[in-house]
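Here come two complexes built around subunit A, the first alongside subunit B, the second alongside subunit C.
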Partner chain A sequence: MNPTLDLLYRLADDQLILGHRNSEWNGLGPILEEDIAFSSMAQDKLGHSLQLYSLLRALGEAEPDTVAFTRNAPQFHCCQLVELPIGEYDFSLTRHFLFDHAELLRFEALATSSYEPLAQVARKLRGELKYHALHANTWMKRLGTATDEAIERMQRSLDFTLPYALGIFEKTDAEAEIISSGLFVGEDELRGRWLESISKVLAQTALEVPDVLALTPVMGGRYGQHTEHLQPLLDEMAEVFRLDPTADW
Partner chain B sequence: MLTEANSHQPIGKSQILEWLQAVKDPEIPTISLIDLGVVRGVEVDAVTGKVSVHLTPTFAGCPAMDYMKRDVERALLAHGVPAVEVEISMREAWTSDMLTEAGRQALRQHKLSPPPVIGNQVFDLDFLEYAECPNCHGNNTELRTPFGATLCRAVHYCNDCRQLFEQFKPV
Partner chain C sequence: MIHSHDPRMNRLGLPDAPATAAAKGALDQFGTYEAFHQKKEGAPFVYVGPVHAPEADVAFLFAKEQYSRRFACTGLWVVPTAAITVTDYVGDQEWAYDSLPLLTNQQAAATATADPRFGDDTAAEEAAYAAGEEDYDIFHLKKRGKAHQHVGKVRANSPAQALQVAKAVFGDQRPVVNVWAARSADFLRSDDEDRDIWTTTPDKKYRDAISYKVQDRIERFKAETGTSQAD
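Take a look at the complex of A and B:
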C-alpha cells in the first residue's frame, strides 16, 4: 500500500475502534466523572478518526462513513489493543494510559510530518491528546498508590496489557519509506519515547514495571489479523448504518 | 425591512465581520464566533459578492460545528449577502490563545473561567491544571477532572469559594 494511505489507515482505525470502546463506559463508569471522561474521550477520538478518514477521502479513498461502517475485521488496520472489550475499569484505564501516551507522542512527531495536511491535523490533535494523557496519569498514580487491592489489580492489568500495547508499534512493509520520506519518525523511535514517558509516571506508583522490551508483542493487527472481539464490535457499530446506507442522518 | 446590502456593489469585509459579531456560540450565548477565534478568514468576491467564511473547530470532535456553519450562513443571507460559502478546516488549528480579550470577558460573564494565555511558554501538562476562579478571580484552585459537560470544558474547584466551576480549556 502507498505509505501515506498505510499510515493514515492505521491512525484512523485505532481512533475509531478505541473511541467506540470508550463510549461503552457511557452510563457505567465507576464514578460520574469517569463516566463523563470516557465518554468525552470517545467523542474526541471519533472526531479524530473523522479528520483522518477525511484526509484519506482527499486522497481518493471512499467517504468516511463508508470506510468506517462497511469494512469487515480483516480490512481493519488497528492494533489488537484497541479492540479488546472494556473489561473491568482497571483494564480500560491501563489501556487508555498505555495507548494515549503513545498517541500523544505520535501526534507530536506528526506535527512536523512532510505530508502537510497530516501535519495540520496533528498540530490540532496533539493539544487535545494532552488531556487524555493527563487524565490517565492522574488515575494511574492515584490507583497505583492506593490500597493493596487497587495496586494488585493495576499490576495484573499492566502485566496483561503491556504485550498488546507493544503491538501499537507493529511495523508494516511501508515503514522504511514512511521514515525516509519524512512522513513519520517511525515505530521504533516512537516506542523508545513511549517507554520513557510511561516509565516516568509508573515510577511514581507502587507498580512493578517488567522489562518491557523483553516481552513478546501481540502483533498482526496492522495486517488485518484481529481477535474474535473486533467483528462483533463492527457489527454493532454499523447496525443502524447498514439498515439503509443511503439514508441521510 | 429593506436588505442592507447594495446589490450592485460587494459588501466590505469589515461590514461582514461586524455582522458576524452577532453570531454567537451555540452553547455559550455570551460569546461571538469572532471573539471565540473560530472565524479564521473572510473573503468577498469582488465580482459576484459571494462571501466565503473559513471556520475552524475549537476541538476536532466538536458537534456544534454544523450549527455554527448554519448560523453564519443564515446571518449573512439575512443581511442580503447574495451567496455564502462556509468552509471548515484545520489549516490554521485553533488554540485557546485565539480567544480575544472581549471573548475572555464574555466567558467570565457566562461564569466560565477563561483559559490562561499560553503565548510562547511550554504547553506542558502542568498548564492544564491552572485555572482562575470565575467567582473570586483567585487562583487557589485545583483541577477536578479535565472532562466536563462539553469537550471544551474542564471542571475545577476553588478552595476559597469552596465551589466547583467550569473552565474553557487551554489547548
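Take a look at the complex of A and C:
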C-alpha cells in the first residue's frame, strides 16, 4: 500500500475502534464526573478518526462513513489492543494510559510530518491529547498508590495489557519508506519514546514494571489479523448505519 | 434479566429488579470542589459549579470536562468547597458586606493596616507574610441566580479578616448580594502553558444540540406520513 495511506489507515482505525470501545462506558462509568470525562475523550477519538478518514478521502479513498461502517474485520488496520472489550474499569484505564501515551507522542512527531495536511491535524490535536494523557496519568498515579485492591488490580491489568500495547508499534511493509520520506519517525523510535514516557509515570506508583521489551508483542492487527472481538464491535457500531446506508444524518 | 435495546446493557446481565441495596454509611461519597472558569483572556474567573473528587488533581480533570467541554475557555480553577468562607445572602437591593459582624476596635485597627494596593509593595508584602498573613481570592455575586465572579485578592490573617479587608478594598462595588473568600493556596489552577487543552473545544459543534438541524426533516416527515402533534 502507498505509505501515506498505510499510515493514515492505521492511525484512523485505532482512533475509531478505541473511541467506540471507550464510548461503551457512557452511562456506566464509576461516578458521574468520570463518566462524562471518559465519554468526552471517547468522543474526541471518534473526532480524530473523522479527521484522519477525511485526509484519506482527499487522497481518493471512500467517504468516511463508508470506510468506517462498511468494512469487515480483516479490512481493518487497528492494533488488537484497541478492539479488546472494555472489561473492568481497571483494564480500560490501563489501556487508556498505555495507548494515549503512544498517541500523544505519535502526534507530537507527526506535527513535523512531511505530509503537511497530517502535520496540521497533529498540531491541532496537541492540546486535546495533552488532556487525555493528564487524565490517564492522574488515575494511574492515584490508583497505583491507593489501596491493596487498587494496586493489585492495576498490576494485573498492566501485566495483561502490556503485550497488546506493544502491538501498537507493529511495522508494515511500508515502514522503511514512511521513515525515509519523512512522513513519520517510525515505530521503533516511537516505542522507545513511549517506554520512557510511561516508565516515568509508573515509577511514581507501587506498580512493578516488567522488562517490557522482553515481552512477546501481540501482533497482526496492522495486517488485518484480529481477535474475535472486532467483528461483533463492527456489527454493533454499524447497526444503525446499515439500516439505510443512503440516509443523510 | 433486563432486556434492553442497548446491547451494552444486555451484556451486563442485570436482574429485572435491583437487589435490595445495603444502606450506605454516611460520607461514602467523595468530597466536593468548586470550579471557576475563564471564558477569554483577561476576563474574570466565574463560578461554574461543583464536582465530586477524591483530590484536587482529579477535581481538575472532572471540572475540565464537566464545565468546559463546549465553549471557549482559557483557564480553570478548582478549590475545596470547605475552603470557601461565605457571607450571608442578602436581597438584591442590599449590600452583602453590611451583613459582616461589626469589628472591635482592635480588629478595625488591624484591618486598617491591610494594604489595599495589593501586590504593589514587596517589602510590606514580605513583612505581612512573615507575620502569618496569607492571600485570599475574593468573589462577588452581583445578583441572585447569577454566578460568583472573581474580583481580586486581599491579604489577611483569617477568612473573617479577609472579608473585612475585601469590604474596604472592594467597597465601591455595588450590587453585591454575597461574597466568597478562599485562601489562594487552596486553589489548583491551570497553567498558562496548558491553555491548549481547550484549543479545539469551540470546534466541537457536535456537542451542541443546536447544531443538529432536524426540525425541517421532522416537519417533512410529518407531512409525508400524515402524522401531526395530535397523534
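Just so it is clear, the second predicted complex is superposed on the first by the 249 of 249 C-alpha atoms of A that agree within 3 Å, B and C clash if a C-alpha of one lies under 4 Å from a C-alpha of the other, contacts with A are read in each partner's own complex, and residues count from 1 in each chain.
Everything that follows uses one rule, which is that a residue touches a chain if its C-beta (ideal position, glycine included) is under 8 Å from a C-beta of that chain, and two chains touch if they have at least 3 such contacts.
Owing to the predicted nature of the structure, the values given are computational and were not obtained by experimental measurement.
Annotation: superposed three-chain arrangement on subunit A; subunit B versus subunit C shows a clash.
When both complexes are overlaid on chain A, the residue A:E152 reaches neither subunit B nor subunit C.
After overlaying the two complexes on the shared chain, residue contacts for A:E24 are found with subunit C alone; subunit B is out of touch.
In the superposition on chain A, contact is made by A:A133 with subunit B only, not with subunit C. When the two structures are aligned on the shared chain, A:V121 is found in touch with subunit B, with no touch to subunit C. When the two complexes are overlaid on their common chain A, residue A:A37 makes contact with subunit B and with subunit C alike. In the superposition on chain A, A:D188 makes contact with neither subunit B nor subunit C. Shared-chain residue A:E208: touches no atom of subunit B or subunit C.
By the document's definition of touching, neither partner reaches A:E196: not subunit B, not subunit C. Once chain A of one complex is fitted onto chain A of the other, the partner contacts of A:E236 are limited to subunit C, with no touch recorded for subunit B. Between subunit C and subunit B, the overlap after aligning on chain A sits in one stretch of 78-86, 114-122, 168-176 or 222-230, namely 78-86.
Touched by subunit B in one complex and by subunit C in the other are residues 33, 36-37, 40-41, 43, 47, 124-125, 127-128, 130-131, 134-135 of subunit A. Touching subunit C in their complex are the following residues of subunit A: 24, 28, 31-34, 36-37, 40-41, 43, 47, 124-128, 130-131, 134-135, 138-139, 142, 236.
Contact residues of subunit C toward subunit A in the complex are 7-8, 12, 30, 51-55, 57-58, 61-62, 64-66, 69, 194-200, 204, 206-207.
On the side of subunit A, the complex with subunit B involves touching residues 33, 36-37, 39-41, 43-48, 50-51, 120-121, 123-125, 127-128, 130-131, 133-135, 137. Across the complex, subunit B meets subunit A through its residues 59-63, 90-91, 93-95, 123, 125, 128-129, 144-149, 151, 154-155, 169, 171.
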